[in-house]
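Across the two complexes that follow, subunit A remains constant while its partner is subunit B and subsequently subunit C.
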Partner chain A sequence: MTGASASRWCLGALFAAFVAFLYGPTLTILVLSFQGPEGGLTFPMNGLSLHWYRKLFGGAGVVDIWAAFGRSLRLGLAVMALTTLVALLGGYAFRRRFRGAGALFQLVVASLIVPSIAVSLGIALQFRILDDWVRGLAEAGRLPAWFPEDHATLMGLFTSGLGAHLTWTLPFGILIMFAVFNRFPVEVEEAARDCGASPWGVFRYAVLPLVAPSLVGVALFGFTLSWDEIARSSQAMGEANTLPLELQGLTTTATTPEIYALGSLTTGVSALVIAAAFVAHGLARRARRSPR
Partner chain B sequence: MEFAAVTKRFGVAAGAAAVDALDLRIPAGAYCCLLGPSGCGKTTTLRMLAGHEAPTEGDIVLDGANVTDLPPARRGTAMMFQSYALFPHLSALDNAAFGLRMRGAGKAERRARAREMLALVHMEAFENRLPAQLSGGQQQRVALARALVTNPSALLLDEPLSALDPFLRGRVRAELKRLNRELGITFVHVTHSQDEALALADLVVLMRAGRIEQQGTPEDVFDRPRTAFAARFMGGHNVFPDAGGGGRVAVRSDLTRLAPPGSPGALDAVVRAVEYTGTGFALTLAGAGTDELTVLQDETERRAHPAAPGDRVGLTWAEADARRLAAD
Partner chain C sequence: MSSSRPDAGGAAVLGAAAPSAPAARAGARTRRRPSGPGAAPYLQAAPLALVLLLFLVLPLLVTAAVSLWDYTEFTLVPDATLRNYREMFEGCLSGGACGTLRTYLSTLRLCALTLAVTLPLGFAVAYFLAFHVRSDGARTALFLVCTAPFLTSNVIRMISWIPLLGREGVVNRTLLGVGAVERPLDWLLYSEFAVVLAFVHLYTLFVVVPVFNSLMRIDLRLIEAARDAGASSPQILLHVVLPLAKPGLAIGAIFVGTLVMGDFVTVGVMGGQQIASVGKAIQTHAAYLQFPAAAAQSVVLLAVVLMMIAALTRLVDVRREL
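And now, the complex of A and B:
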């Protein structure tokens, strides 16, 4: 065996190990989710059935998984939309040099290095202070009449929860759009202006079509980061938990392969979103290619 | 088209001016070449004319109107970018129609006009292609059609030939000259190649460090260089110390003659290299404190003075052929 082929085998083995590590767990769970009704949480397979999926859809579990599923989906979509919009506008704004641009950029990205759990705890603390303040106002009778009397906390899916997820997805989105706009030729914008495009026209007809594929990427990123986010969600969701939090709770109490069925299903949702984006991208490309 | 004391500084006000108090008039319908080495301010001048750069001081007048503060599209200029800057997501036809679309023209109208423009640059067969499916030369033609579609009164070209191979360069050169003649609009063409400027321009504007070094017809600028910089940049000249006064003179390489070494009035030089050019011979020589002297000999001259590398020779010229140079 020559040195070259030895190193090739070594690298190949390393890569195989990497792939096994990456997809092995998901595949294992997928296989185990098809356990027979008498099967347990581990191998061997005791028959093959859709029993646990049926059970899952029957909603027999202790917690309302489908409500959590819906919450996570709605939150994920909101995070996706906001991340895409802010990353696009933020990236575009940074094309012009302005005073404090460097400091602002660092401020935005620095939140990535703060430990997720610390962010989550911080958000919970902030909202506690906010709640105390609101309670104070309520006791002093200085809140408007429409404010609900039984108000307990401002924390919730679309307040603290949304914020917690955005601290995670926005820096990523903005970093991606920065890289995209860095490679974006300024002459294309100038050419559009030269052809009589207004500032909005430049953005709409020259910039947006060129960065659209990257925006799809940012959107996917935003959704999937939110969809399986745990650490930042852990203290920031209020009463209603997201799907990953419910799942985490289940892992400590689960005794049946139902949890595997649930895990496989959530992975399926992520895969479906990404597949849909690829198909849409392919269709858009084909539409553009064909002469009108 | 006129520049009046136009200055452009980049960055802080104290910085050196990229364009320094430029005064320039370009007659309507002329082919004007802004010529100079990189960093001389020629591209900045063009971009100020186009409205993509705002002058720090001074005014720009087009067709009698002060356009200094107008956006590009309201100046009646159209620019063709060095990188062409086509919209990669639009077909050749939609690229060419873009200016009309921005002006709110209907689909049928703008497509008809864009087809006319593509035909003008011989690209009508490629109207459905995306820029990525076109060669560099074809992309340039589409960019040209896109610039011309709105009937500009001036076409601004930033280094239009530098990305093309030599064969295509010659063809595009002829094409640009033809368009200038047929459309009757002013062309302003930025280049660092003196050949290009001499071949194309009615008005050559030679720039150096943000100022105009010399301007005039190609014959003027080439044959009567005002300074040593102009003589060297336009090429084809030797710069010698002036025997009479303290200054310097420029003499064309084809009018510089060899003489026996030590001849009265001749300048000592050593032949470094001899190249056959087909129509004659090109000699490179060192002397007068430089090794960049060139003598072009036709066959008659060659027979009279067959100097070889290493030979000591004298250099002479007719007094009428010497151009006295102003101090730099």
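And now, the complex of A and C:
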């Protein structure tokens, strides 16, 4: 018995150390982001101020960071919406046996574990070849009239970039939906149907409220994974950089705590989204329990 | 349950709910033939399949094709040459200097070091959560505490080590303060140590989650039975818990191994651009627009990663044990 409680304490201490290890560095740069104007990249704190945040919001130090911020936000929202929709549909499909289901599932898993650089490079090559092909058509004068004449590349945030992000977010979405539908009480659907609900009614009033809390989780993963994505974005974004790509570029050049302010702000957005997801999850659960 | 699977209705509903006309038609067809599989699941799976075909399968096929192309300074030349592979392994067979082999050894070393830390650490954390936290609520809360950092930026989590590990950082100051060292340690940041530390920081979660999943499936009566039969705690750990946790450990190793093998961001940022890795080699070729060379590197990386996964799944029959 004493052995068991000793192991409990040891592992408890290890767990606490692990959590400190996970959060410590992030909290360190949060503290350092409030350095005074004379403060440097490390301790000691040289006064306490909002100087670096003011500088960041003034846009003086880091060029064009707000454009990247906006791009990442828009892309994140698009990835979130598509991930939720496609994962919900896909998860439903897997509830029934259909030809190719096994292969499709293996593809989902492959999408998760194929090295990101290989995916990113492949998408870049694919769009490069596509561009060459379009250029060939343009030179032969065989493009439709509505096609913009100054067209340079099909690569972009919402083409190659969106696709690259979906290969990363969808496996997580599908795995979450798998877990959800594995525990899904089919009696509810049956009861709704027996009560005369239309197929749409069954979906809208029986299925959707039951899976809604989990869809919040899928949406959360969809947004945050896209918001922070870097490896698959590296080759596939074209001209416009996302925020993580800009941040990566800054790591080698940054000499002031402004990068900590930017980093803390980015983490703040993630934290805010996580908190919002918790609230939405709670609301969805409450809506599920309330009688209709 | 037999004639009309209970979930079939839901699937048909979704088919009908989909906005496009073909989907609605499929829904109707499913209603007419409730026992057949119908087109509904195909239409529901179509967006997923389409995304994966367009942005995973096709790009990888294109990569394989381009790896056989020739290239000049300015253009890619469609071809069927082994030039890129030959150049990649130049000197390897004749016993000369072989850059590719060195890069792979460096990457595999990072992989081995990272696994050596993340597997035991992830197992210990998962073990604590699964067996020592008694209430379900506390377990969920602590699990979420472990998962939340995964949803924040990797780059920022790397940057966060700078004030701690730098020459003027917290660790060096503390060590100097207590007189443990005479000069600040240089190898804390921009070194192999820093890269492995960052990997452990970023990826231990990928071991914790599958191992936790495996541990939660263990029937506690098995452990009781072992104890009743006179097994000591270490024996139970070694002969009951560990074998049952093997699938989780294998899945964790696959995640961490593939993430490290293809990494170029962490190695770049934490290694101060000094350490070689396969991912960085690919990125460098791409940056110089030597796409066929990058493609060949990418194909070889994929082959190596697939072999690693095959070895791991052979070591533990994941599917049988799930």
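Following the convention adopted for this analysis, the second predicted complex is superposed on the first by the 272 of 292 C-alpha atoms of A that agree within 3 Å, B and C clash if a C-alpha of one lies under 4 Å from a C-alpha of the other, contacts with A are read in each partner's own complex, and residues count from 1 in each chain.
Here, a contact is a pair of C-beta atoms (placed from the backbone, for glycine too) under 8 Å apart; a residue touches a chain by one contact, two chains touch by 3 or more.
What you see is a predicted model, and the numbers here were worked out from it, not measured in a lab.
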* Identify the partner contact of A:R128: answer first if only subunit B is touched, second if only subunit C is, both if each is, neither if none is. => second
* To do: For A:L73, select first, second, both or neither according to whether it touches subunit B, subunit C, the two together, or no partner.
  => neither
* Considering only touches as defined above, state whether A:C195 meets subunit B (first), subunit C (second), both or neither. => first
* To do: Pick one for A:A138: touches subunit B only (first), subunit C only (second), both, or neither.
  => neither
* Structure fact -> Counting residues of subunit A touched by each of subunit B and subunit C, the higher count belongs to C
* Asked: Looking at the overlay, what does A:A240 touch: subunit B (first), subunit C (second), both, or neither?
  -> neither
* Contacts of A:L210 with subunit B and subunit C, given as first, second, both or neither -> first
* Across the two complexes, what residues of subunit A are contacted by subunit B and by subunit C? -> 190, 193
* Structure fact -> subunit C partner, complex, touching residues on subunit A are 3-4, 7-8, 11-12, 14-15, 18-19, 21-26, 28-29, 32, 40-43, 85-87, 89-90, 92-98, 100-101, 104, 107-108, 110-111, 113-119, 121-126, 128-129, 163-164, 166-167, 170, 174, 181, 184, 186, 189-190, 193, 199-200, 202-203, 207, 220-221, 224-225, 227-228, 230-231, 234-235, 244, 247-248, 251-252, 259-260, 263, 266-267, 270-271, 273-274
* **subunit A residues within the subunit B interface of the complex** => 185, 187-188, 190-198, 201, 205-206, 209-210, 288-289, 291
* Structure fact -> So, in the complex, the side of subunit C touching subunit A is made of residues 5-14, 16-18, 27, 31, 37, 40-42, 44-45, 47-49, 51-52, 54-60, 62-63, 66, 76, 121, 124-125, 127-129, 132, 142, 145-146, 148-149, 151-164, 166, 168-170, 173, 201, 204, 233, 254-255, 258-259, 261-265, 268-269, 273, 279, 282-283, 286, 291, 294-295, 298, 301-302, 305, 309
* **subunit B residues touching subunit A - in the complex, by the definition given at the top** => 50-52, 71-73, 77-79, 81-83, 85-89, 91, 98-99, 101-103, 128, 130, 146-147, 150
